[in-house]
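In order of appearance the chains are A, B, C and D, and numbering begins at 1 in each one.
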Amino acid sequence: MTLKIGVIGTGAIGREHIKRITNNLSGGKIVAVTDVNQESAKSAVEQFSLDAAIYPDDKALVADANVDAVLVTSWGPAHEQSVLAAIEAGKYVFCEKPLATTAEGCMRIVEAEMKHGKRLVQVGFMRRYDSGYVQLKEAIDSNYIGEPLMIRCVHRNPEVGDNYTTDMEINDTLVHEIDVLHWLINDDYKFVQVAFPKKTKRAAAHLQDPQLITLETNSGIIITAEVFVNCKYGYDIQCEVIGEEGVAYLPEFSGIATRKEAKFGTSILMDWKQRFIAAYDKELQDFMDSIKNTGEPNGPTSWDGYIAAVTADACVKSQQTGEKELVVLADKPDFYKN
Amino acid sequence: MTLKIGVIGTGAIGREHIKRITNNLSGGKIVAVTDVNQESAKSAVEQFSLDAAIYPDDKALVADANVDAVLVTSWGPAHEQSVLAAIEAGKYVFCEKPLATTAEGCMRIVEAEMKHGKRLVQVGFMRRYDSGYVQLKEAIDSNYIGEPLMIRCVHRNPEVGDNYTTDMEINDTLVHEIDVLHWLINDDYKFVQVAFPKKTKRAAAHLQDPQLITLETNSGIIITAEVFVNCKYGYDIQCEVIGEEGVAYLPEFSGIATRKEAKFGTSILMDWKQRFIAAYDKELQDFMDSIKNTGEPNGPTSWDGYIAAVTADACVKSQQTGEKELVVLADKPDFYKN
Amino acid sequence: MTLKIGVIGTGAIGREHIKRITNNLSGGKIVAVTDVNQESAKSAVEQFSLDAAIYPDDKALVADANVDAVLVTSWGPAHEQSVLAAIEAGKYVFCEKPLATTAEGCMRIVEAEMKHGKRLVQVGFMRRYDSGYVQLKEAIDSNYIGEPLMIRCVHRNPEVGDNYTTDMEINDTLVHEIDVLHWLINDDYKFVQVAFPKKTKRAAAHLQDPQLITLETNSGIIITAEVFVNCKYGYDIQCEVIGEEGVAYLPEFSGIATRKEAKFGTSILMDWKQRFIAAYDKELQDFMDSIKNTGEPNGPTSWDGYIAAVTADACVKSQQTGEKELVVLADKPDFYKN
Amino acid sequence: MTLKIGVIGTGAIGREHIKRITNNLSGGKIVAVTDVNQESAKSAVEQFSLDAAIYPDDKALVADANVDAVLVTSWGPAHEQSVLAAIEAGKYVFCEKPLATTAEGCMRIVEAEMKHGKRLVQVGFMRRYDSGYVQLKEAIDSNYIGEPLMIRCVHRNPEVGDNYTTDMEINDTLVHEIDVLHWLINDDYKFVQVAFPKKTKRAAAHLQDPQLITLETNSGIIITAEVFVNCKYGYDIQCEVIGEEGVAYLPEFSGIATRKEAKFGTSILMDWKQRFIAAYDKELQDFMDSIKNTGEPNGPTSWDGYIAAVTADACVKSQQTGEKELVVLADKPDFYKN
């Protein structure tokens, strides 16, 4: 019953997933790896003492009859080709975000998957597996706070490198909110608008930081999202849903509280990797379990990857125009309705 | 050294202030009252056993040589005339908001006061006296969180009566944020924009509720203010200032915490009157103390009343146009600098 | 209707109260002062521009027919004599703690007051006027948390001077808990026991710090009180009442919260004077109001002062014996039952 | 490299562990089961589709050469015999608490293990694997709060069944604190004392509830532990360590916060199983990983099981005598020092 997995891309995130599957999770086994840098592929096999074939490229890897599923953890621009190859070979795919770097690319994957006839692809939007978001969704779905009317969320990082650019506040950072929020409220985006508040002196000259993004849904819910990647004080993810009967908040990270030096405080993480560490485990375990139990992955779909791409594109356009921009989505195929 | 005070308007808020000055505060005495309803004026004198003259109108009251200062606590449209009469008579004025119902009316008061040659007027924006806002301002002024870049604030009431209209979300509710925020960050508003999120089913048919107001300052700080007057769960005032080095929050109301029925929680007030009760005391005590110690009141000025009126007008215009609207303020006279 | 007040003892606390009554509160006036140091008495009159007679001693002051009430703010050992003199003269008394330095002294005051025939004395246990304790008592009295079973409280100071001794952890520090807790739960103490945990290296050689005091009431409620006067991090008063249906907590001091340097925190006071500043105002205003409205003060009575003295004595005895000690109270006279 | 595991006792907790090892964790496989109720053993094999031998008793199971390690999840009185049998067979043992029901029994296991010559046994005190306790220990070990002086902890359950008896507040409930606290502060207990506060009306007639236990360590740290198993409002584990420089708190369970019905609150668990669910996973994963990586388990040892037994015995004795009781531990063998 073990799911035999091939890994396309053995960089940092690829190795994190190899480690998880090999040492922490149940039901999966790495049987094949590839990387554009073949030395990296070899060293990954050694590092984790894998009993795995090393392939020259993604096409060769997906062709291995021993491979049931692939993890696509290469760099973003290569994702589309690998995912399409895997679908063509009828293999399951766990693809890190982005599914593809363009909306058109995502749509090609959607179409290939529909042509194949059953869902094969899960996109690595791990927040849906975070126990905080899960609790928040339960509160909303159970109508505990009534109909949602507004959402306020915050995505702050202490700092970013110099190669981080203004559009990455959308494509790399906000994209997690873009995915998790429409899932949270079962709604789709209609308009987006980006505003640039006073810039922090800690941002590089070329970087507009912070940014305030407004997303409006079909039903009229207005989401105000702050992205601030040089906030200095910590990695901080907040989400507050304001409903007709009350307000619900994503939990803070659960750190010890202290009283010291005239402050009663709790720790804020500086390192984003700690924040969703349990969610990374859960998304992969669920990917493997769902395939075993139902024959399909259960997480964010290709369609969700497409929504993220279209919405992010509209945000980037608004960064340039300063105007409210339409989010033009194709009609959702029945294939992706559950 | 007792400040002899005449009260113009003996309704609910007028009597609250009479009670404060008579029973809780030091240094003031009610010596005259008037009200368009003379019976109300008489009953206020009886209720508090005042040794006070009852006048037929505001002009007669301000003419009483025994009156040092007047409290204007009549209904809004009558404020301008009473304040102008008091200034003309050279009397100090504590005027409940609004200073006048139009920007032009506020400007007439500004001009009359400047002509008189010293500050006589304090507007009843009590939040500047709230210990939470005072601490927040200290944190900002001491640069504890670095340069402010964004503010997020919330003004929620459990419910409103049927006569509460869409523009009142600005003129009666947001107006407190309009005053306190520009004071907090020592900046002026440049643009405002109002958006209407999905409407709560608890609002009257004619009322747009909640509303999201964006205010942009001269230096580029963006303020996102939520007004939600049928939020049902409580009276809730929040303010969060996001700076270059950190974030500071207005304290929550200080209620007991409890663990009960699977919840660890603190009380939220249902009644707005409790929230700033200490601030009402402090603003009036400060009005009386400043006059005694410096010959001028020390609180929000006529100019602050003018700023509030101009900014609120721009917000109401944006409610109608849906567009970003300019806040066009006259140049600040030296008379009103610090 | 102004209450004419004589002040016995014009040191720091005396002047604080003079300032309050003169500048912040309503209905009282300082008309007489005395101090063992006559220069101090004179300088207090000058400092606050009082229109007040200066007397050579407490007896002369209480004899002044113009004096309605006295504030006893001299040093502790002098309290009993001044309170007795005032009672004999039929004057109201607001006496800072301790009412007397011995249980016998307190009992002499109780007897003098009963002989006089109506309540004249209020002891300066200000915590009963703190809005947090008031809310906590309301939660208990309304049965919100069911029958109280245990209390846990904490009294921490950042540091103390070298002249602060082991018994002062009881007589100067715990004494506030001793008073406020029996009022909170409408019960009396039966046993007390003091334990000495590991000593902090920050305490002076002669000082046992921290201390853990257990108080058991007649109904079996067990109170665990920590006194820790060199805790370094702040002035911190906590109280948690564990009942049959839930738990209620005294609110923390209401300071701004911040996110900065990897901490989400709220300020803790370093200076005890800020913690109960509003309660000091309220206790004196209530003293004056109650006398005006009912002819008797309404706050902590001589009997409460006696309870505090007897309980503190038992705690000090337990510091020496290490054993559980009985709290032997006389039967409560009807005079003090309300 | 898979650790082949036999399970002794296929009741609720046994099946939880079988499920974990089979479906969630990495590196272990259930190869044998036994239960005094053979039907239960069979049904467990079926429930999880195990490829496992079913044995008539613990002796037969440990004798299976295919078994590397055993889980002892039978009822408490049977633990000692199974653990001794496993040690004799040189098998690793993960034993749920208690290690044995008497201190003597624990000592027999200690001696058998020392005779065997390397550590084989891990006791199922899962709290040491809880991320909150781990953070708390890091704060202490890094001297962040200075030398610990006092601890206050709370162990509350909403309710217990009628068969829960007064001594179980120690043996079943407090025992988790007994283990985790001496680990937290690297110290051993010297004295214990149990006090009975006013009893809740919700406890069965035969049950003394709540209880307050005081534990004093060799270095003089005083721990105050409340056990309250009919607290009604939730399952609540608290731990606060008071040090020379500050105070550190075990985090609360991380639930969503809400504002609703005049309360700002976070959820408290009602079900204890949720509280340490991640810790159960981690303790078993660590048991398997340590054996693989170092040849010995890394968690709580037989000696820790012995300490728990001796300390719990002293507490139960104090329940009966009401006196402070000595905790008489044998000298710690070098074998258990790391």
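One rule holds in what follows: a contact is a pair of C-beta atoms (placed from the backbone, for glycine too) under 8 Å apart; a residue touches a chain by one contact, two chains touch by 3 or more.
Which chain is which protein? Per UniProt: A, B, C, D = Inositol 2-dehydrogenase/D-chiro-inositol 3-dehydrogenase.
Small disclaimer: the values here were computed from a predicted structure and weren't measured.
A.B. asks: When B-D is set beside A-D, which has more C-beta pairs in contact?
C.D. replies: A-D
A.B. asks: For the copies chain C and chain D, give the interface type as same if over half of its residue numbers appear on both sides, and as different if under half do.
C.D. replies: On the two sides of the chain D and chain C interface, the residue numbers are mostly the same, over half being shared.
A.B. asks: Taking the mean of the C-alpha atoms as each chain's centre, how many Å separate chain A from chain D?
C.D. replies: Taking the average C-alpha coordinate of chain A and of chain D, the gap between them is 37 Å.
A.B. asks: In angstrom, rounded to a whole number, how far apart do the mean CA points of chain C and chain D lie?
C.D. replies: A distance of 45 Å separates the two centres.
A.B. asks: Determine the centre-to-centre distance between chain B and chain D, using the mean Cα coordinates as centres, and give it in whole Å.
C.D. replies: 58
A.B. asks: Can you tell me which residues of chain D touch two or more of the remaining chains?
C.D. replies: In chain D, 233, 245-247, 252, 259-261, 266-267 touch at least two other chains.
A.B. asks: Provide the residue numbers of chain B that touch chain A in the complex, in ascending order.
C.D. replies: Per the touch definition, chain B meets chain A at residues 147-150, 152, 195, 197-202, 210, 212, 214, 219-222, 224, 226, 228, 231-233, 242, 244-247.
A.B. asks: What part of chain C is in contact with chain B in the complex they form?
C.D. replies: 22-27, 131-132, 135-136, 139, 144-145, 245-261, 266-267, 278, 285, 289
A.B. asks: Under the touch definition given earlier, write down the residues of chain B that touch chain D in their complex.
C.D. replies: 233-234, 236, 252, 259-270
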